[in-house]
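Written below as structure tokens is the structure these notes are about.
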Amino acid sequence: MADALLSPAVGGVMWAVSAGAIAYSAVKVRSELDEKKVPLMGVLGAFLFAAQMINFTIPATGSSGHIGGGLLLAILLGPHAAFLTIASVLVVQALFFADGGLLALGCNIFNMGFITAFIVYPLVYKTILGRNPNQGRMALATMAAAIVGLQLGPLGVVLETYFSGISELPFTTFLLLMQPIHLAIGIVEGFITVAVVSFVYQSRPEILQVALEARPIGVHPVRNVLLAFLAATVLVGGIVSWYASENPDGLEWAIARVTGKEELTEPSRGIYGVLASIQQKTAFLPDYSFRKAPEPAVTSEGGDLAEASGKAGTSVSGIVGALMTLVLALVIGLVLRRRNQAV
Amino acid sequence: MSHHIVEVKNLNHTYPDGTVALRDVSFRIVHGESVAIIGANGAGKSTLLQHLNGYLAPTGGEVRIGDFPLTKATLPEIRRAVGMVFQDPDDQLFMPTVHDDVAFGPLNLGLPEQEVERRVREALDQVGAAHLADKPPYHLSGGEKKRVAIATVLSMSPTILVMDEPTSGLDPYARRRLMSLLRDFHHTKIFTSHDLDMVMDLCDRTIVLHQGEVRADGPTMEIFRDEDLLVGCRLEKPLSMQGCPLCGRVKSEVDGRR
Amino acid sequence: MSNIDKSFRDFRLLDRLAFGETAVHRLDPRAKVLVTLLYIVTVVSFGKYDLSALFPYFIFPAVMISVGGLPAGFVIRKVLLLAPFVLMIGIFNPVFDREVLVRLGPVGISGGWISCASIVVRTMLTLGAALILVGVTGFPAICGALERMGMPRVLAVQLLFLYRYIFVLTEEGARASRARELRAFGKGLGMKTFASLVGHLLLRTWQRAERIHMAMLARGFVGEFHARREFRFGARELLFLFGWSALFISLRFWNLSRMLGDALTGIVS
């Protein structure tokens, strides 16, 4: 997920969820009273970082891949610690490798961290592992978890992109692009994770004691987290609604494209049904909604609609102006640098 | 603090998988002594060190530091008194900056901020690393890391300094520098090392471990003259005591000054 | 693995840049983090077809790069290596959105191309902002700022450990990887060998974690990490924060590009 494809509303909501999950996990890790965990989490995060930089060749395709590692961490550390570790690796990647961006970080933490640690690990891995784990079951559980996780994560990306309305890619097309590829990636990730876990099991089985102990993670923690998720969504949805004024339009627009109808007849479209209705009631800012009109629409609602129509209309001046500001920015930058050096 | 004695009585340690690491180890080290524990790899040196600050609990026997037997209640005081420096400084320098690492110990002791700052400055001055205070550990050279690692322990004002392979991995200059630093410390010093020339230089007393047992315990020079003992423990004489590669003559005097 | 070394070289460079001594570097990290976040949110809040209005936002990276003494070429290069993912998605916009929105004389530019260009510009701005933030603040300071703004301490400590040991572990990983390569005679790294290589690395990492824990205990650690030193949030920080915020918000509502362009074309025609 990347900032450029994200709208503030979607980004904000995902950040709220991720932040909530982080706070919850932090409390859990502290209360577990295993102080060994913090250096372990940090160093394993660094390990994951390094391991992701080593490429291997995928048999039968010749293309290179690398390990994701989220599932591996969940198996080694347990869900809460693993979630924090995955989140921190993503933070470093966002800052140092321009991997997606800082707003999209919230989405990435959710897609890759939350889904792996709090959905796939308890609901898929642990379930298959059952109460009498053995190596065979562990391999099966790992494969299943890897594949499911790598289907849900990209699904998250598609949904986030869709609801942001910046990309034109239709929902179904995007889905068809992402899911099959990630099925293959999921299978590879499953194999690799199983291989590494077996390696660890052969050398130092006590590390996996926690995993093999098959302590059932009760429904409780997952339910609580999902409740928090829901609460955060509604809260942030309300706060951010005025900012989201453009998105319902973008969404309707996409709907119109895909379905040929102007808008969906069903009243509720999840978040956006709520947002659209709130936006209608508050109308705090002049309407920014950009409706692609065949001819410039002129209304008297304020300068901004005129701007919108101006965009659709002549806009030579817009382009000229854009280039000018770019030059201006460069000049200012150079002047400041020269002044810095002179001093 | 008056005389801090390190006393180990019939120490036994068996690992969970059954390997016997230490067999009936006993010795007594008094205040101000400078002792080396030498032995082949796997002889039990590191395991022994891990008992001295309570990281490992004995499966038999007892460890006493100063007036305290090693128990859960006395652990904090013992960890303050016994400053342990590990072989790989990267394991010991885990904070974002040198200053934070050196302050870690005093902060854990609950000292007020001003006192912590004072101790950090003093410790860094002692090892000659004051100019490195704001640097992150991954910007330091090997020798600098070792010195800073020592500072992280000095800031707790220990009376006993335990170091695992202090000179390993250092270039000759850094090694010399470290040795003159250690020579000036008045703490009780316990080292493990493969660098027998350093041992000859710095330690009056040597304990030889072999397969978890104490094979010898006495004045360093005596032990180093006993070739049979050394070879039997997979060791050999320090290089400066061996014959000259050209003429074969043995240097009969100890070169203690640089 | 020249790939590891290369991408890691950039990492080290970015880390080193944070140790600069310019006026920007000396600002409280909280101010810089807040301004960067506001910048990104503002940029991202523009509509799909907003293009010219985005250009004035280049002023922020331009100023920060110059005053912060960052190598402009380095930042531009890293940003231009645009997340291929974004470009791949963005390039579909012209495919699906063909209706012409702008006419430049006889040439019609479809909405799809405009939104695609908008995506490209957004990417440059947002990713550039993130890199610049690290370059003038440094990762540990960012963690400190986030912690003081509410991030749980467990996460802050863990982030700092992670960062500190990235240097050690990438070195170990690179060494292991190079060693294998020397015995590979051209064959790629298969999955089984990878698993064993990474497995070894994992075990060594676990042992290292145990030794670090040992070292922490040896220095009296009982489970609490202590707060780091305070930064000061003073007049300069307030000026920085409010100045840039005002600019970003104004530019959001007034399209400077159009205004300048209108002025220019008004004079000309």
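Order of writing sets the labels: A, B and C. Residues in every chain begin at 1.
Criterion: contacts are C-beta pairs under 8 Å (C-beta built on N, C-alpha and C of every residue); 3 or more make two chains touch, one makes a residue touch a chain.
Please read these numbers as outputs of a predicted model, since none were measured by experiment.
Q: Could you tell me which chain's Cα centre is nearest to the average position of every protein Cα atom shown?
A: C
Q: What chain lies farthest away from chain A once each centre is taken as the mean of the Cα atoms?
A: The most distant chain relative to chain A turns out to be B.
Q: How many angstrom between the C-alpha centroids of chain C and chain A?
A: Roughly 16 Å, centre to centre.
Q: From the C-alpha centre of chain A to that of chain B, how far is it in Å?
A: 49
Q: Rounded to the nearest whole Å, what is the centre-to-centre distance of chain B and chain C, using the mean of the C-alpha atoms as each centre?
A: Once rounded, the distance between the two centres reads 44 Å.
Q: Hey, what residues on chain B touch two or more of the other chains?
A: 94
Q: When you check chain C against every other chain, which residues touch at least two of them?
A: Residue numbers touching two or more other chains: 160-161, 163-165, 168, 208, 212, 216, 221-222.
Q: Residues of chain A that contact two or more other chains, please.
A: Correct list: 39.
Q: Within the complex, which stretch of chain B touches chain C?
A: Answer in residue numbers: 50, 53, 55, 76, 79-80, 82-84, 86, 88, 90-92, 94-97, 100, 104-105, 107-109, 136-138, 152-153, 156.
Q: Spell out the residues on chain C that touch chain B in their complex, using ranges where they run on.
A: 140, 160-161, 163-165, 167-168, 208, 211-212, 214-222, 224, 226, 228
Q: Provide the residue numbers of chain C that touch chain A in the complex, in ascending order.
A: Residues 1, 3-4, 7-8, 10-11, 14, 22, 36-37, 40-41, 43-45, 47-52, 54-56, 58-59, 62-63, 65-67, 69, 72, 78-79, 83, 85-86, 89-90, 92-93, 95-97, 99, 101-104, 111-112, 115, 118-120, 122-123, 126-131, 133-134, 139, 142, 151-155, 157-166, 168-170, 172-174, 177, 188-203, 205-206, 208-210, 212-213, 216, 221-223, 225, 253, 255-262, 264-265.
Q: Could you please specify the touching residues of chain A with respect to chain C in the complex?
A: So the residues of chain A touching chain C come out as 2-8, 11, 22-23, 26-27, 29-30, 33, 35-36, 38-47, 49-51, 53-59, 62, 64, 67, 84-85, 87-89, 91-92, 94-103, 161, 165-170, 173-174, 188, 191-192, 195-196, 198-200, 203-204, 207, 243, 246, 250, 257, 288, 290, 292, 294, 304, 307, 310-312, 314-326, 328-330, 332-334, 336-337, 340.
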